[in-house]
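Both of the next two complexes hold chain A, though its partner changes from chain B to chain C.
Let's turn to the complex of A and B:
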């Protein structure tokens, strides 16, 4: 009796889960930005992502209306941050009297950066994010104060740096000296944090495509970051998003810019190897 | 004003204690090998209406984040991470449902469903949704009576 009940219960679970997944699957639309930048929103999963066959951009999980906002720079509110950063790029900052453009001429000179970061830094013997690299330039080359890791100026600058790599295939290195950091990030991804005991993988690997209350769960890829979130009316950094997701498991979060989040960023970025850089993207 | 309210709450508490067993603490709950919990956590019969409220409220059960319930169609945005709860009272006994709400892992090993009446064994537990560290005496997500209320509501979910 008890066993029979259990089996019936189990069968219902399976059928309903399958039905649910079919209802809310990501769509098969193509993403071409400004009619010219062709994005890869679906790609075969790289071999180091053991539990997925296909990797899918977060863009494919959004509604047609939200998707449309990312298809043209005039509609993309994240591009306002890019414009603010363009001014900063040419503005001398710090005691050396230099601007970013004193060394890098134009933002386009930084094309390719977003696609390969976070990245091992030989001199500093650590994995660096784009934000850490920007602060290295500010403090060590320009004699300026570092920007807050999650400040508006920093997120704008990271949006500018992402924007010039749009359409490039994400190709983050996970071997060599970066490997131990990557492994630390992978361990975090599968750790069930907080009083709700939920791991990143529980939501973004096991349940991508399903609904969790009003949210359509994506694979939690970061190829679109920074992302302009309509709910916040602001550009949001990768670490800000991580902090929100961990907080929502009723956990004590990690700080933006912490070694833990740098490791997690390296790991999550590598799960997107094969997708294209989309930042700044638009999300709800 | 506050004083009167406190007094009233005090009387209710006294009345509850007088008519019931002592509340079973989270780490004193007894599960059988299938994850069932036969004994009520409070001895006070659950209130299904209060249970429905707990299931809909984000800061409490937030069960609809993951489950669809036809009888709760007035609550917007049901998720589908878990199975529909329609007809659960026909599929499970009260003891089974109590066990699932208290700690679903005992019924479904490695379940993604959170344990609603558990206070230890967590990795970096927080203080609710603040992102800050949990206090030393972290309360369970639901109180003993809220668990009983939810179970009472689940027991109303028959097919048809």
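Let's turn to the complex of A and C:
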């Protein structure tokens, strides 16, 4: 009798899981921001992403209500950060008395930057992220103190830089001098971390589209970063999210801005080659 | 004292008489609930927008009381019937006594 009950119970759980899987698939809605910026939320996987047929923006995994927040800049709370950065863009900082606009004139002059970063820097002989580039400007050209890699000001500025590239196709270079960094990032992506022994791929490749308790797993694409997370009511940088994921595996994490996370960012960005820049996006 | 409080509203420039126009408003504000504690264990004092009103040509369109559980950057979206040209006046009342006001004109044909 007890045996039979258990079997019935097991069956019920199985049915629930199947129902959950069916409901949890990413949707096929189209993303057009402000009625004019057409986003590519589904694209064929680039050849270097062996285990996926199709790459899908994290936007497609969110509820209709969360999706709607990103479709109009007025509704997108991430645009508040962009507005703060616009003020900073025109404000002289540091001993040289220069503002970002002294060289770059308008943020639109930086259109295209987000789509190709992280990128190999010939002068520094390293792969640079947008944040590293901002700090290079601040310290070497403006005579100012660098911003904290994950500070509100830096995340706002990277949101501004992303916002002017919205709708452009992500195309980070993975060959040439960037290749060894890319391979290091790839290695990390498939390495299990923490007491839970989870690699990025376990959730975002093997189980994308399924539910992990109450969370709907996406492919972990970073084309939408920085992202306004409703969970934090704040703009969140991609390294902050990496740290959160690794922490959730119950591991000691790497620091934001560390060479490990720069390598991981390059690799994960390259998995989204073919999607469009969405930052600042809205996610849960 | 809440910092960087900026109200913003979106009202169509024009409408036809008797039309219900869509209005969106947002004010950037931390909406500190008064329930949280800082790292020393001291209660962080409550600091919220406690009332929001919208008037059209002196007539009340909406008058809302906001409570501490409302999230950062409160956002309101509502429709208003307009029969004549005029001015929408939006007012936010802060716990610290500040009053933030924004005006938008609409032409009705």
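In this text, the second predicted complex is superposed on the first by the 263 of 284 C-alpha atoms of A that agree within 3 Å, B and C clash if a C-alpha of one lies under 4 Å from a C-alpha of the other, contacts with A are read in each partner's own complex, and residues count from 1 in each chain.
The rule is simple: contacts are C-beta pairs under 8 Å (C-beta built on N, C-alpha and C of every residue); 3 or more make two chains touch, one makes a residue touch a chain.
This structure is a prediction, so every number in the text was calculated from the model and none was measured.
A.B. asks: Go through the superposed model and pick first if A:75 touches only chain B, second if only chain C, both, or neither.
C.D. replies: It touches chain C, and chain B stays clear.
A.B. asks: Check whether chain B or chain C contacts more residues of chain A in the superposed model.
C.D. replies: Between chain B and chain C, the winner on chain A residue contacts is B.
A.B. asks: Could you look at A:124 and tell me whether it touches chain B, chain C, both or neither (first, second, both, neither)?
C.D. replies: Neither partner.
A.B. asks: Where does A:48 make contact in the superposed view: on chain B (first), on chain C (second), on both, or on neither?
C.D. replies: neither
A.B. asks: Pick out the shared contact residues on chain A: the ones touching chain B in one complex and chain C in the other.
C.D. replies: In the superposed arrangement, which is not itself an observed complex, chain A uses no residue for both chain B and chain C.
A.B. asks: Under the touch definition given earlier, write down the residues of chain B that touch chain A in their complex.
C.D. replies: On the chain B side, the touching residues are 34, 62, 64-66, 76-81, 83-84, 91-92, 112, 114-115, 122-134, 138, 141.
A.B. asks: For the complex, give me every residue of chain C touching chain A.
C.D. replies: 4, 6, 8, 10, 24, 26, 28, 71-73, 75
A.B. asks: Residue numbers of chain A touching chain B in their complex, please.
C.D. replies: Interface residues on the chain A side: 2, 5-6, 8-9, 12-13, 16-17, 20-21, 23-24, 191-198, 202, 206-207, 210-214, 217, 243, 246-253.
A.B. asks: Using the touch definition from the top, list the residues of chain A that touch chain C in their complex.
C.D. replies: Residue positions touching the partner: 74-75, 77, 80, 83-84, 233.
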